[in-house]
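Listed next: structures, encoded as structure tokens.
Same chain, two partners: chain A is paired with chain B first, then with chain C.
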Partner chain A sequence: MSVEIQSLDPRINRLGLHTHEPGSPDTLPPHDHWGTYQVFHQKKRGDRHTAVGIVHAPGAELAMAYAKEQFGRRGETANLWVVDTRHVMALDYADQDMFATTPEKTYRDPGGYKVNDKIDAYREKMSHEHTP
Partner chain B sequence: MNIPHKSVPIADLHREPLRQLLTALADDHLILGHRHSEWTGLGPILEEDIAFSSIAQDQMGHALGFYTLLHEHLGAPDPDIHAFTRQEAEFSCCQLVEWPIGDYDFSLTRHLFFDLAAGLRMETLSLSSFTPLAQLATKIRGEVKYHIFHAKTMVGQLGNSSDETAKARMQTAINRQFGLALGMFEPRLGEQILDDAHIAPIESKWRERWLEALNAVLDGTGLQIPDPDRIEPVFGGRNGYHTEYLQPLLHEMTEVFRLDPQAEW
Partner chain C sequence: MYGGGYIPKEEAPKAVVNDDPKMLAAFEERVTRGEKVEPRDWMPTEYRRQLIRMIEQHAHSEIIGALPEGTWITRAPGFRRKLALMAKVQDEVGHAQLLYSAAETLGKSREAMINDLINGKSKYSNVFNYPAKTWADVAVIGFLIDAAAIVNQVANSKGSYGPYCRALERICYEESFHLKQGHSVFVYLATGTPLQRSMLQDALNRWWKPIMHFFGPSDEMSEHTLTLMKWKVKMATNDDMRQQFLSLYVPKIQELGLSLPDAELRKDTDSGKWLFGDPDWAEFFAVIRGNGPCNAERLAVRKAAEVNGAWVRKALQQPDARYVTPLA
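And now, the complex of A and B:
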């Protein structure tokens, strides 16, 4: 037996919803699903835009309208980008082995450059020049 | 919305017309904000639910701003008391904002109609000679800009839809509430006095600009507005005459407040 749903929320009661009859077939019609847009958020002008997540939308403009509320609703925002996910080229995880040996190439790490001595020397020089 | 507390002198002649204007603005935003919030959790998709709920919150914030001006400059009670303890006949919202949310096509069209008008109002009021109002309108303007962007995009999307049913539903929503929308511009008591003092224009000026803006938005979509000269505007709201929908809304909106009016929130 299907029963009318009683809720503490008056809005739900106004909808006059009924419980799903046990054993009855799922009658929900199939939907056309909207595609996704990648959202990039910029906190301050001049900062890089950072990938923050996705929104579902039928077009770039509505994606932007949604991105503003999903990802620009708190804190500071200077700008947003939205990009149709289909326009993003990504590597296949199967090809991750291309990077397998990279962690071994420590000579590429910035720590390999010995510049700290030069920076310290420069600081020393500046502080002397500014002392009256 | 925090407004710097600084009472500015208002000429006696301007007090009542200004009270009328601010109460109309406050009540419109409050009641529509409440209506919009009824979609929270029931919106068509998650992203739209969140966006529309934020817009509802914004409307409440705008209402608070106007009630605060009334409180600080015109001797009205504290905003919460003012918003939640008045009788139906003391509300001066237009009837457009009172109507139940209906289906999403109705709510979306109302959102476009209302925020397009709010955008024009805030633009003009940001230049008001009554400085506290000009400051508040400037703050609100940016938020309304987003509301209009959202409304235009959604309505444009549906109006250009290849789904004829979607298009027809939007057109019907426009036709059904057009007279109600024209009711947003019901002349206010003493509006000419405020216009002369460069505090706020008379409603018919806003109405003209609204019609132009609305035509521009709908241009290029498959939607159009009825001939405004052949539609009877639904007036009465500004003078306390309301639909049968306002009283139940007020009852529901104030239910928690009435449990303990002295409670600290």
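And now, the complex of A and C:
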């Protein structure tokens, strides 16, 4: 038996809600909450945009409105981007090993070119040769 | 705010899935090394299932938790308090969205989670099945229940699942504002007129039992619990979190000359542990089963929000729209 909800909150009483009737489940259909947009937040001018999360929205404009509420409601915000999740191509984490040897490629890093010991040795040698 | 960390036992335990032992070993090694697990990684079936249950229940707790306090927005004493409460309640709904998103990355759609909530299949934190009778309840919820939630969420934010940790980091930051504003309301009432003080003491007396229930009963140290701890799904035992909460907050209540309705509550000087009377676990389980003072109201209000908004969502639906699992 469904009974009317009695609340301490007059606004809830005005809704005239009833308790759930067993055997009459209410279900949202699939996709009822729309698709998702990835949100990118830029804190200050000059900063990069950073991925901060998602919002559900039927289109980019509403996604932006939700992004402002969800990711721009406190602190600083200079700019926001929203991108339909379907338009993001991402690698599989299972393929992460393709980058495994990258840190070893020291010929691509400034740190891979150490010559101070050569210079020191050269100066040492020269100073001996010129000593009378 | 609001995940208590307590996940009710399942009525019908699921069949054990035997995952590929090699993949399982590699997974466990990764977690032990402190590496995070990301959405499309291989993960044990049980890890995924338990995380969905936990994050989903946390999300439901946030969205239902907005209701008892939301009641007081129109009756907040003064403009500044009203602004703060609106901001806090909005944060809680925002936290629900962050958490639903994190759970979605594991493959359960937001619609499916909300269906399970409004049809009573999924649970949420038991404290929200109690009414917020006076403005002092807002003080107790904002100060002590948010404080308890922070204890749990700080622990969980060091867990193994990347999207959940990222959501919790942001949530904890916002919770610290909730805690501060709750403490402010609490202190103003505690140091106010005798009437304000007695209103706060009354709220504290009514909320103490649900607060003691917040982290759930002692964990059974089963194989299952130990596995969840090894996988960094469960980061601290219910008892440890409760002890930590009591150590941090009982002194802050007592320094204001307020009392707690448990004659046996004291810190044992030898063990350094808090001792307390029986928190009435029978009531806790009865409320979880749906027999608390506000269970029916909370679900009816949540359901009405979904049902009444359905035509708007449908009208905005784009014909070519198609769901894909969010990335992170």
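Quick notes on this one:
Convention: the second predicted complex is superposed on the first by the 82 of 132 C-alpha atoms of A that agree within 3 Å, B and C clash if a C-alpha of one lies under 4 Å from a C-alpha of the other, contacts with A are read in each partner's own complex, and residues count from 1 in each chain.
We take it that a residue touches a chain if its C-beta (ideal position, glycine included) is under 8 Å from a C-beta of that chain, and two chains touch if they have at least 3 such contacts.
Please read all numbers here as calculations on a predicted model, not as lab measurements.
Once the two complexes are overlaid on the shared chain, A:His18 sits against chain C while remaining clear of chain B. More residues of chain A are in touch with C than with the other of chain B and chain C. Of the two partner chains placed by superposition, only chain C is touched by A:Gly35; chain B is not. Judged by the touch definition given at the top, the superposed model places A:Lys44 against neither chain B nor chain C.
Look at A:Lys105: by the touch rule set out above, it reaches neither chain B nor chain C. Looking at the shared chain after the overlay, A:Arg86 reaches chain C, while chain B stays out of its contact range. In the superposition on chain A, A:Val55 makes contact with both chain B and chain C. When the shared chain is aligned, chain B and chain C each come close enough to touch A:Gln70.
Applying the stated contact rule after C-alpha superposition, one finds that A:His130 touches neither chain B nor chain C.
Taken together, the two structures place residues 11, 15, 34, 55-56, 58-59, 62, 69-70, 73 of chain A in contact with chain B in one case and with chain C in the other. Residue ranges on chain C touching chain A, taken from their complex, read 38, 40-42, 71, 74, 87, 90, 94, 97-98, 101, 104, 109-111, 114-115, 118-120, 131-133, 166-167, 174, 296-297, 299-301, 303-304, 306-307, 310, 313-314, 316-318, 321-324, 326-328. Touching chain C in their complex are the following residues of chain A: 3, 5, 7-9, 11-12, 15, 17-20, 25-36, 38, 51, 53-56, 58-59, 62, 69-70, 73-74, 85-86, 88, 90, 92-94. By the touch criterion given at the top, residues 38, 41-42, 45-48, 50-51, 54, 146, 149-150, 153-154, 156-157, 252 of chain B touch chain A in their complex. Those residues of chain A that touch chain B in the shared complex are 10-11, 15, 34, 55-59, 61-62, 64-66, 68-70, 73.
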